[in-house]
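In the part that follows, the structures are each spelled out as structure tokens.
Below, subunit A partners subunit B and then partners subunit C, in two separate complexes.
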Partner chain A sequence: MKEVISAKQFAILVFMNTLGTAVVFIPTIATRYGGENGWVTLILSSIAGLATIFIYIKILDNNNQLNFFQIIEGLVGQLIAKVIFVLMFLFTYISAIGNVWALSQFISLQILMETPAEIIALITLLSSLIAVRYGIESISRACEIFFPFTIVSLVLLTLFVLPEARMENIQPIMQFQQAGTFVGVIPVLAITFLELFYMLVICTSVNNRKAAKKAFFIGGLLAGFSMTIVTLACIAVLGVGGTLRHTYPIYVLGQNIRFANFFERIEVLVAFIWFFTIFFKVCTSIYFLNRTGQHLFNFKSYKVITIPLTIFAFASAITNFLSVLSDLKLINSTYVVFALFIGLIIPFILAVVRVFKKT
Partner chain B sequence: MLFVYDVKRYRGQERKFFIGGVILGAIYVTLALNEELDLNFVDLIQQVLKPIVDPLESWLIKYQL
Partner chain C sequence: MQFRSKKKQKAIVENISKDHNVPLSTDLTENSRIISNMLGESVDFVSRSFMIGVQKPVKAQLFYIDGIVDSVIIHHDLLKGLMIESREAEQSNQIDRLELLEKHLLAIGMVNHVETITDLFKHLLSGDSILLIDGYAKGFSLDTRGGENRGIASVTTQEVVRGPKEAFSERINLNIALIRRKIKDPNLWMKNYKIGNKTQTDVTVAYLNGVANDDIVQELDKRLKDIDIDSILEGAYIEELVQDGVYTPFPTVYNTERPDTIAAGILEGKIAIFVDGTPFVLLIPALFIDFLQSSEDYYQRADIATFIRVLRTISFFLALLTPSLYIALTIFHQEMVPTTLLISLAAQREGIPFPAFIEAVLMEFTFELLREAGIRLPSTVGSAISIVGALVLGQAAVDAGIVSAMMVIIVSFTAISSFVFPSYNLAITVRMLRFGYMLLAATLGLYGIFTGLIIMVLHMVSLRSFGVPYLTPLGPFSLSGQKDVFVRAPFWLQRTRQPLQSQKNIVRNQTDSPQPPKGR
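Coming up: the complex of A and B.
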């Protein structure tokens, strides 16, 4: 039975997938390159990200009958398509285990200090295993329910830190680090919009393909706007030094909330944003991995792969990453190259092939 | 329970893949938890992409604060 979701649910999934992980690491990365112009880097990244989404939707046609894998095979042939799927699988696998481990470390370091990160990783992966086995329809519906909570948390965070904001922290605008502001777009794009290629698999499950393409843009735009606001708030409240010094500046931002002498220490509100977004991101990436595996091994159902893949993902998540600092180094080096290749160069070639095939 | 349900549900190649995958996964997890296996996908990708990554990384560092 083919799973069908609405364009609205797809837009929310795109929003959650763009924001997951990124919302915590992006302020530090953008500020490292742009200094007080870090938020400008985010605006530029959002524009570049929307251009990337434009490339992605160019790959798909308006034929509702074919899925993502059949479309790619139709474009480049079975053999090249299989190589592309294997590369996409590898990238998404690393992204998924990286996200699981980042969330586990965050909870283990900031909230549940005595709990081993391995246990948190196991719980996260087991929850996503259940969600993935229920299917993308259920994931999308759950995502729709939790979306207001995420938005409310984001709005509250931004509103409550406003009194602490110092405009001198974001000034002078575009006077220093001008080149860095533009160069910073590359790593920011790598951990946000370039990971979204796997949403194309879900895009083919949307009941209306044209509406899905529009929803892809809307989700990306909303996520870009949210990340810009969060980065602006981080720089305005913590300053450039403070944003760079903290591994999780958005969490520190939450700790700064003091309202009418009784509404304080609500940083867990910030953690909610991350829990929700990263959970759906992990679910979506594992769903993509399962669907890719199903196609590569020619299975009737993707559920054959769910349990073995989750076990492998758990073992990889707890062993493949050393520390938060090495993760940040990875994001600024290998991950950028891998993301540019899988998330930009390959889709661009596929989009060009699609345009030539049409003509 | 889920494992038993899945073993009963799948047939032929799918069942073989499922059981094989779970056994391999279990071995991987056991070795990983005991720190006896050094199967690091991230390191592997880093080694493969090293010739491209190194120049890009040194170029990016020039623009960092």
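Coming up: the complex of A and C.
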């Protein structure tokens, strides 16, 4: 049975996937490059990200018949297409296990202090295995149900820390580190919008292709806006030094919530709302991995490789990353090159091929 | 001799049950013997032989099962007509005796012809009387169904403050009549099935033609026809045999004993399944939100109904999560508890020998026992259980230092929350899942609870009730569907039926919102 999702659900999936792990790391990264202009970096990244999404949707045609894999094969031929799929598979695999590990470390460092991160990774991957086996329809519907909670928590977070925001923290605007503000766009883009390449697979499951393309933009725009707000709040409340010093500035932001002298230290709840976004990102990327595997090996159903793939992902997740600091180093160096190549250069070439084929 | 007749009798029965379409014999005594043998000469089987006519008398025999027939009809209308009034009818020049009987003498509403033994038994055992005439290989089945019944009782499971108090009873024709009385529309179509090889239970499907989704009607028809089981004693048999998902704790078929709920469901485009012998009528497709709604929501003002619905939704999460949140907070996340409360909690738990998880499981288990015992106990000793529950297991357990006072509060609070649901089967689901969440909370804290919630939601969105996604209109989200989910919009705003359940003929209301009179 072909699974069909609506454009609305697709927009929410894009939102969740862009926000994903990124929202935990981005304030630090943006602030490192742009200082007090970190939020300007985010605005620029969002604009660049929307341009990237524009390239992505150019690859697809308006015909609802073919899926993503068939479209690419039609564009560049079987052999080159397979190479592209393998590259995408590897990139998404690293991103997925990176996300799982970042989530596990975050929870084992901040929330469940005595539980090993390996256990958290296992539980997360097992839940995502259940989700992937239920299919993208169920994932997107569940996403739809948790979406309001994510938005409400985001709004509450910014509202509650508003009294503690100090304008002098973000001043002077665009006076120092101007070059850094622009350079920061590249790593920010690498862990947010450039990872969205795999969303094209889900885009072809949407019942209305035109609406899906629009939904891609809307989801990206909303996510870019949310990340800008969060970064702005981090810098305004914690200051540049505070944002840089903390590994998880958004969590520290949550610790500043005080309400009616009774609700204190409810940052755990905030953290778990972010857990939803990361979880759905992991689910979607693992779904993509399974679909790619299914296509590469010509399986009838992607469900045959879900269990082995989850076991592989668990093993890689717990062995491939040393620590949070090395994660940050990876995000800022190797990963950027990888992301630029697969998330920007390849799609750009594909889009150009599509434009030339049309004329 | 006795032995031989038993053997012979068995042979006849086997012979007949092997071949389902044995025609009736022309010999009346032969027919009578077969029928009586097949019923094993049961005591409630009555056969009355008599003569019809005086000038050309003919032997006739009437068969019925005592207790499931209306004896007044048999004595006054049937036998009197056949034995006494037949003399006058003889004067007319009718040639065919059967036609004469049917057209002039049988003063009964529904008369059918029976020609085979199986056909005969189907009618006989449903409460019809069978009239056989000597010399004819066919007879009449006469609708004399009756017998004792409970009548229309008042609602016992889904009480309301405002709204009709009548409830369905065990008799299917009475139940259908209750719906017919509410919906006076020729499009209310009903289809009858006989399900159960031994019980031959009447199952009636009712829906509003032109409003209900035809695909669902056909799907239900197919699933009902596929049932091959020897007995249907309650609607639950049908429910389990026709539902979509097999392995799920969530109910995907709605049941109620309230005629107004069933009528409202039919008017929304749902399909009702009446089963003979039970006051509970099924309604499909059933969505999750149906189990959180009561018919009273529509009888109270819209704002009150909305408030109660929000209360109910919150109580769903409270009933599901309160003990597990308590466990997670006291074991893993003490920093989230305000300091003063934390100190008082720690003081209470000082002398308690069990960890919070064991304590919670113990108390929840005790409460489940109490509740189950309260249902099974005869009502005369029912008050004893409340004394035991309130005094011994509440106050005395705290004084004895087995459980903390906070735990008693948590368990009571959970119990009260789970009594809020209008639907009993969702309450059971929540009771079961609660233990799973407590385990998750004890092992992984809040992270475990959130993981459990995600898996539960994933499972729920994957469910379907006759093709309709279970969490409609939340996921897949539909804005127009929100008028009747957590918010009960006023009737003048609810112009269409719920989407996905009925795709055609969706307008149901064209009243404008009330306005104050003009010119003042």
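Everything below uses one rule, namely that the second predicted complex is superposed on the first by the 359 of 359 C-alpha atoms of A that agree within 3 Å, B and C clash if a C-alpha of one lies under 4 Å from a C-alpha of the other, contacts with A are read in each partner's own complex, and residues count from 1 in each chain.
The working rule: contacts are C-beta pairs under 8 Å (C-beta built on N, C-alpha and C of every residue); 3 or more make two chains touch, one makes a residue touch a chain.
Bear in mind that the values here come from a model prediction, so they are computed numbers and not experimental data.
Between subunit B and subunit C, the partner in contact with more residues of subunit A is B.
Applying the stated contact rule after C-alpha superposition, one finds that A:8 touches subunit C and leaves subunit B untouched. When the shared chain is aligned, subunit B comes close enough to touch A:31, but subunit C does not.
In the overlay built on the shared chain, the residue A:135 is in contact with subunit C alone; subunit B does not reach it.
Of the two partner chains placed around the shared chain by superposition, subunit C is the only one that A:123 touches, whereas subunit B remains out of contact. Within the superposed three-chain model, A:307 lies in touch with subunit B and out of touch with subunit C [touch as defined at top]. Of the two partner chains placed by superposition, only subunit C is touched by A:275; subunit B is not. When the two complexes are overlaid on their common chain A, residue A:323 makes contact with neither subunit B nor subunit C.
The residues of subunit A shared by its contacts with subunit B and with subunit C come to none at all. Across the interface of their complex, subunit A is touched by residues 2-3, 6, 10, 14, 17-18, 20-22, 24-26, 28-29, 31-33, 35, 37, 39-43, 45-46, 49, 52-53, 56-57, 60, 63-65 of subunit B. Against subunit C, the residues of subunit A that register as touching in their complex are 6, 8-9, 107, 111-112, 115, 119-120, 123-124, 127, 130-131, 134-135, 137-139, 141-142, 144-146, 262, 264-266, 268, 272, 275-276, 279.
Contact residues of subunit C toward subunit A in the complex are 332-333, 335-336, 338, 444-448, 450-451, 454-455, 457-459, 461-462, 469, 471, 474-477. Of all residues in subunit A, only 31-33, 35, 90, 93-94, 97-98, 118, 177, 179-180, 183-184, 186-187, 240, 244, 297, 299-301, 303-305, 307-309, 311-312, 314-316, 318-321, 330, 332-334, 336-338 touch subunit B in the complex they form.
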